[in-house]
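Look at the two complexes coming up: chain A is in both, with chain B in one and chain C in the other.
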Partner chain A sequence: MTLDWSVVWEHRWALAAGAAMTIQLTVLTMLLAVPGGILLAAMRLSPLRLLRWPATAFVEFFRCTPLVLQVYWAFYVLPSEFDVRLSGFATGLLALTLNVSAFNSETFRAGISSIRRGQSDAALAMGMSSFQAFRIVVLPQAVKRVLPVLATTWVALFKDTSLVSVIAVSDLAYTAMQLRSRTFRILEMLTAMALIYWAMGYPQAKITDWIHRRMAGRE
Partner chain B sequence: MIESLEPVLDNLPFLWAGIETTLVVSALSVACSLVLGFAAGLGRCFGPAWLRLPLVFYIDSMRAIPVLVVIVWTFFAFPILFGLTMTPIVAAVGAISVHVAASIAEIVRAGVESIRQGQSWAGLALGMSHAQLLRKVILPQAVTRMLPSFGSAIIVTIKDSAIASVIAVPDVIRHAESVVAQTYRPFEVYSFAMLVFFAILFPVARVVDRLYLRIGHRGRS
Partner chain C sequence: MNATTDKAIRADRAAVPRLEFVEVRKAFGDLVVLDGVTIRVDPGEVVCVIGPSGSGKSTLLKCANALEPIQGGRIVFDGQPLPADAEGIRRVRRRMGMVFQSFELFPHMTALANVEAGPRTVLGMDAASARARAEALLDKVGLADKAAQYPSALSGGQQQRVAIARALAMEPEVMLFDEPTSALDPETIGEVLGVMKRLAEEGMTMVVVTHEMTFARRVADRVVVLDRGRVLEEGPPRQIFEEAREPRTREFLSHLEWTG
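And now, the complex of A and B:
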């Protein structure tokens, strides 16, 4: 077995572009999935059944099916059945956003439910509207409690972005696997891919631990 | 929308074979990752120092690398490195188990560490050996606390098994792909695959929710 690691260095810019795509997908998905999660959580906690039921069905559906299948479904079914033509990137982003929104909504729901009832009662007694009570009193406290969980979700999302490679979005996983079949340096390319993911993910996992420790003692 | 259910119904035996593979891969991965994870978790808590450092490195690394990458590496790169070939199913079960075992190890550690120190002292004061202490005092309580998190890990494992389709494990997704290629009906076929996973995962998720409600708080001090 002869190894030729120069092939990795040769394709460093392609791999860097793939890594940039992975980061871009992670950031964009989270930016969209936080408001999405808050919206879904608010719907699930609403007294109106008309809002509660669709939100519950949405969340259960996305939590109980694999993300890779959601990506396939969006990629093949949206154009053929609904005439929605999105780029691979937009399709991947859509599937990731809907999936992470469902998980975030559970996080926010738990966070909002953990704020004692007395707090919103007090806000209402002071003459706030129920929306004001939610926005000014409940939400800021809930956000602090959900931050560690969101950090964990962030790391999971960073890893899950690799699944959009199955629909040829040129993220790090797809780029490395393409280079593997083009250069035939299988071991070198796949090991480089794993190491780059490791180098990006390891600090994120450590920062998550740190956030968990810092927030643990609060309130 | 749904034109006819024929693409699914005509290929039902073929799709069913895929469902069986999915169930087998999931069950084997759950079993292997529990064994591996327990060993790694207990090793990290009670093992000698020379063992603890590599275990911490392994656990944190698996938190940083996507399971897809581990599966692909195990199937394509591992055989080159060690000169042995694996069937896709063996590679998938191995890779998923090694990946999920890291989170099981963390659950085990959190469970063991949640048992108050006073309990260990009391056990030792009664003349128990460390092994006895672990077996009779710590683990029975800790395992109860770990159960809900194990449930969540099992759900993750079943979902991860879907990713095995990228290395051509003939699971329900792989077989659905073949049927779509023949029938050009992605909507019916992929939706069927969705329903299959939902039918497997929804009951499991409900049981896990109940576990959290019923015994999640148990033994909390």
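And now, the complex of A and C:
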């Protein structure tokens, strides 16, 4: 079998657009899933059962079912059963956001629980409301403490965005797969796809390592 | 000095106490921590609460500002029982300052921001006034030059002085000190006690849970001995330290390595 790498160069703009879509999905998902995770974590830590239970059910559902199933479910069931019509991109973003929010919620919950009670006592003792104590005193410390975990989630998310290709969102994975079936250049396209993912993912992984190292030495 | 203090206490007895614990009962599950504690703190009075560890001293302070709920009796602040609603409790907490054994400064804020936090968020003070107040208070505790430092860059004694400034920023009517020097290196204890002594001289009403017997002896108007969740005895420092009625008080004091 002769390899023909020119096919990759030929479709460089399509691949670049796919890569841009992958980055866009990653960034948007995280932008939504951080507040989503904080909200869910706060609900799960609430003394009110009415808030705690739905949040727990949500988190345990999305954490314990495959992401690809959630993507399919959003794609087929939302329009047919609930008459919600979203673009493929929005559907993929929704599924990713719900999934990562569930994981982030557990991260934030651990972070919030790790802040010792004396901190919120000190905030409450000066007359802050529970919400002020949470927002001004507990949350900023918790976020800082879980930053390494969030970075790890980020890198996992970056790769998991490829799952939205199953609903024809033209991210890097979908674009490369399409080109593969169109050109029959299987090895070239898969290799190109692997290299592009790696070239984007490697710096992210290195930054994550750096965050881990930097935070490790601190309180 | 003791004679005039005693007279002052007697004169104030007619007035409304600043803070009063009446038959307070507190339990964690089956463990009874406070078993009917009655203590009266008059305006301008410095009351030191001493006693063996596990006697309920710290819990007593946390009940005073409702950080811990009580199961019986009542706590009366300025003639009013502690309110039951969250908003009412917040209003009362604004008028009480609290200083913790482990400082509990907010580590993600500078010393100045720690002191400003209460006035800004709770009193809704504008940035410039809050800053001016915080700077004046840091100056008062001798840390004007540390305003921009984060707590992690300060010594224990400095952190505790910032914590005192932070509590004072709310202009409280009573200050609650929970073993403020127990977590400190010996060489920094003096600077914290010095700040507290000056506060007492300015007429601040203070409840101080402490193991610093020299401080209790010199600064307290009254010493309360707590043991197993009950008030064992109370009185002016000289009486407690030199002519304690209760054998358990004498026993407790003899176990402390204090030099009076």
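We take it that the second predicted complex is superposed on the first by the 219 of 219 C-alpha atoms of A that agree within 3 Å, B and C clash if a C-alpha of one lies under 4 Å from a C-alpha of the other, contacts with A are read in each partner's own complex, and residues count from 1 in each chain.
Definition applied: a residue touches a chain if its C-beta (ideal position, glycine included) is under 8 Å from a C-beta of that chain, and two chains touch if they have at least 3 such contacts.
Values in this document were obtained by computation on a predicted structure and should not be read as measured data.
By the touch criterion defined above, A:F61 reaches chain B but does not reach chain C. Number of chain A residues touched is higher for B, counting chain B against chain C. In the superposed model, A:E81 makes contact with chain B only, not with chain C. Contacts of A:K144 after superposition on the shared chain: chain C is touched, whereas chain B is not. When both complexes are overlaid on chain A, the residue A:A168 reaches neither chain B nor chain C.
Of the two partner chains placed around the shared chain by superposition, neither chain B nor chain C is touched by A:A16.
Once the two complexes are laid over each other on the shared chain, residue contacts for A:V27 go to neither chain B nor chain C. By the touch criterion defined above, A:W198 reaches chain B but does not reach chain C.
In the superposition on chain A, no chain A position is in contact with chain B in one complex as well as with chain C in the other. The touching residues of chain A, when paired with chain C in their complex, are 118-119, 121-130, 132, 136-137, 140-141, 144, 219. Chain B meets chain A in the complex at residues 1, 60-61, 63-70, 72-73, 76-77, 80-81, 83, 158-163, 165-166, 173, 177, 180, 186-187, 190-191, 193-194, 197-198, 201-202, 205.
Residue ranges on chain C touching chain A, taken from their complex, read 62, 65, 67, 86, 90-91, 93-94, 96-98, 100, 102, 104-108, 117-118, 121-122, 152, 166-167, 170. Note for the complex: chain A touches chain B at residues 1, 60-61, 63-70, 72-73, 76-77, 80-81, 155, 159-163, 165-166, 173, 177, 180, 186-187, 190-191, 193-194, 197-198, 200-202, 204-206.
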